[in-house]
Amino acid sequence: MSAVLEVTDLGRSFGGIAAVDGVSFEVQQAEIVGIIGPNGSGKSTLFNLLTSVHKPDRGQVRLFGQDITRTPSHKIARAGLSRTFQLPALFVNMTVRQNLWTAAVEGDWRGAPELANEVLELLDLAHVSDELAGSLSGGQQRLLEMGRVLMQQPRVVLLDEVAAGVHPRLRQTILGAIRELRSRDATFLIIEHDLELTQDICDRMIVMDAGKIVAEGSFEEITHDPHVMEAYLGVPAE
Amino acid sequence: MSSDDSVRKRAKRGPERRGAATTSMSSATTTTKTAEAPTTGPRGRTIRMAGLIAFAVIALTLPLWSTPYWIRIATGVALWAGLALSWNVICGYAGYISFGHVGFFGIGAYTTAILMQPDHGWPFFATLPVGIVIAAVFAVITGWPALRLKGAYFAIATWAIAEAVREFTTVADWTGGAGGLTLPIGPGSNYFYYVMLIAAAIAYVLCYALLERSRFGYRVKAVRDNEPAARAQGIDATKVKIQAYVLSAVIPAVLGGINAYWITFINPQSVLNTIITDQLVVMVLVGGLGHAWGPAFGAAVLFLVNEQFLSSFGSSTSYIAMVGVIVMLVVLFLPDGVVSIWGRSRRTRLVRQLLGRAADDFRSGNAAGSGGGR
Amino acid sequence: MEGLAQALVTGILIGGLYVAISVGFSLAFGVLDVVDLAVGMWVVLGAYAGVKAHDWFGVDPFIFLPVTFVVFGLFGWLLGPLIYRVRTSRYALPALMGLAFTFGVATLIRGGMLTVFGYTPRTVQTDIVSGSWSLFGIVMPAIRVVGFLFAVIAVAAFLFFLYFTRTGLAVRAVAQNKESAGLMGVDVKRISSLVYAIYTGLTAMAGMLMGAVYSMTPELGLRYTLFAFFVVVLAGLGSVLGVLVAGLFLGILQALTTTYVGADYTLMTVFVVLFVILLVLPQGVSKFAKAVRT
């Protein structure tokens, strides 16, 4: 089976500092890959490069075999790649429901109301569905980000700390949503600080530090990798 | 934004059935408390419908029972309500502050005036579509680069564009230069009243249909609220912004054409005067930014005040100064416009958030890619 | 060839004044995060202060310059806090409202000037210098040379303040990062008022000099706003060196257009160039700004 997402030697620097520095990896169909690493290690920048929010200085990104390295963001989204943002990027002057509809505005618009109702139930947002998105709590905002992803019915999903600050019970809801999408063959790339959560759900982990991939493998493998300990704890690798 | 309230109330019924209510000339009824909203919904709609019908009857029969003076005033109010609406489209809905809208007004006026000169001799109504096309093309050409700019950059770019249009008409021969152009004398004032009224009404219905009841409105508002997120939903933000800009450009072009025929003499000082933009800004700010009928209200009030000034002082220069003072006071003390006085607190918050978002855009625009700017 | 040299010299002499107009504007932009749309109005108002100093008091405008600075600085000192308030109000009132506010200020000044001074063009009369000097066949009207020199002195004083005083350091800190500056104990509000005061004072002085070179009407304010904006866009935000170069470039561009195309087309040329810059470099502008800031 060919890779859904192929990243080759991707690099981008800001003001002389390499935020992402020669990153290469592949993600297979229906795989859930976790990306961990300390703050500033380039995880979110990587997502921004994959979705053309920023243009890479070098390297290549392929989605379903197609080169999308310099494809505009909206075309990438239409090709089936959906994402959340590290800082919730909601349409703050629209209601929760309208936010969900908007996620379907380029997709299944007719089916949007029904799907939105399902998503609202699934994410426990029904009671705030007519509130403005800007008035939601931090956790609810992340849930709504997740909801927009569900509305897009994506084939590849990039989640950027989608469970941060979310109530533990709702965290299970998010995990359930991820599993549900995966059962429909969706592929995931997940940035997460909560190792427990990643352990729960990820098939494979990628560890980043200073813009580079320092380790890759199963949860067991990477937690015993000295590079990872160094990246996280500052203990030099022996 | 205009009828977010009503949209919210009807939200459960889904996009395809959204918006049974009308544009809202009477959406003051939505000032009921949130808790009562579900029960007052149908009644509110009846009142709105009744209000709209009453308004339509009054507006349509005005020439039958009114004086020529008031018909002229009403024509002016319709003109300015339409212009304010167009400014609200780009500013309130799309989140871009344009100081160059007078340029489109002037383009429409000059198109009609030039085509109706004896050597061309076009009939009046044939000139309006030409004005629309020229304004639309001009909006695309100028909007395409300008809409990549944020906040102040866009504002000043549009200002410069309008100023360039004025310079051009002043210098060029076929626009009559500074001397301007004279048009054939048109039919009577009732004719212009109805034409202006219908044009403004069409503009309101069109904008309402496009921005409140179609996918397009969702796209525009999504781009306004958060451009990167909108792109991540597959929305072609560049295209949407240009479409919104074109929509907001063709309205003043049509109204400008009608206005030219109405006043029969135009020159750069009359139809490309920056005071027109000044007025639009103050009308929309006073009425309530991003509110559907607020600008119409602001337009009516401001136009009447302007008339009063003209008849009292015989010059409009002190009026300009007063407009400036009003803008300053509104920004300082009434940032959501007069409608916020009797509007619900939610409305107030909504506009503030829109503005807050614009501020963020502005900051990130200054420091694109640095993740937050200063 | 002589025409070209003449145009270059003329352009540089006027460009000095553009620098004086834009340098404070650029700083106020950086510190208050608001483009002051009234900048051109301060220019014209400064020119009228010179006109009226001569009309009413018989004072030579050049002697009146320090008074202009103080008086307009006072205006700015009073206005600055309002802009600061709009910009930083609790409910995140934004750049958009800040813009609208300065737009209101600009409209007020324009309307006020039209009411008081009317539409008739006026020139600042001075008795200090007259005639013109000639060097290698290049004519330099004395008033332009003196105006240029005054502008150079004013800009130099401004830069000295900015780079060699404690307060100037605080100003630069605020311009770069308000939050950090605030955390370091800088009174951001006071600095904002001060910057706005200095900016209005400086701009009005430059306007008075400008009024000695060109005749002024209240309607010209917008033109100078656009010119100042042109310079700041071209320079890149927060770049003082950029303002020096861009201001001179604007002067030269204007002089070349006047010489080779015609004075009527000056504005249009400037607009087209501005438009092309915005077209080609919208990211470039902010990128540049970021590079300068970091």
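Letters A, B and C mark the chains in the order given here, with residues in each chain numbered from 1 onward.
Following the convention adopted for this analysis, a contact is a pair of C-beta atoms (placed from the backbone, for glycine too) under 8 Å apart; a residue touches a chain by one contact, two chains touch by 3 or more.
No experiment lies behind these values; they were computed from the predicted model shown.
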Query: Of all chains present, which has the mean Cα position farthest from that of chain B?
result: A
- line: Busiest interface, counting C-beta pairs, is B-C
Field: Closest chain to the centre of mass proxy, which here is the mean CA position
entry: B
Task: Find the geometric centre of each of chain B and chain C from their Cα atoms only, then give the gap between the two centres in Å, rounded to an integer.
output: 32
Query: When the centre of a chain is set as the mean of its C-alpha atoms, what distance in Å lies between chain A and chain C?
result: 47
Task: Report, in whole Å, the distance between the mean C-alpha point of chain A and the mean C-alpha point of chain B.
output: 40
Message: Two-or-more-chain contact residues of chain B, please, as numbers and ranges.
response: 349, 353, 357, 369-370
- prompt: By residue number and range, which residues of chain A touch two or more other chains?
  reply: 15
Task: Would you give the residues of chain C that are in contact with at least 2 other chains, written as numbers and ranges?
output: 290, 294
Message: For the complex, give me every residue of chain B touching chain A.
response: 1, 4, 7-9, 11, 13-16, 215, 218-219, 221-222, 224-226, 228-237, 346, 349-350, 353-354, 357, 369-370
- prompt: Which chain A residues qualify as touching chain B in the complex?
  reply: 14-15, 51, 53-54, 72-75, 77-78, 82-83, 85, 89-95, 97-98, 101-103, 105-107, 109-110, 112-114, 116, 129-130, 132, 134-135, 148, 152
Task: Spell out the residues on chain C that touch chain B in their complex, using ranges where they run on.
output: 33-35, 37, 82, 85-86, 91-97, 99-101, 103-112, 114-115, 176-179, 222-223, 225-226, 229, 233, 237, 264-265, 267-268, 271-272, 274-275, 278-279, 282-283, 285-287, 289-290, 293-294
Statement: As the complex stands, chain B meets chain C at residues 95, 97, 99, 142, 145-146, 148-149, 151-153, 155-157, 159-161, 163-164, 167-168, 171, 274, 278, 281-282, 285, 315, 317-328, 330-332, 335, 349, 352-353, 355-360, 362-363, 365-370, 374
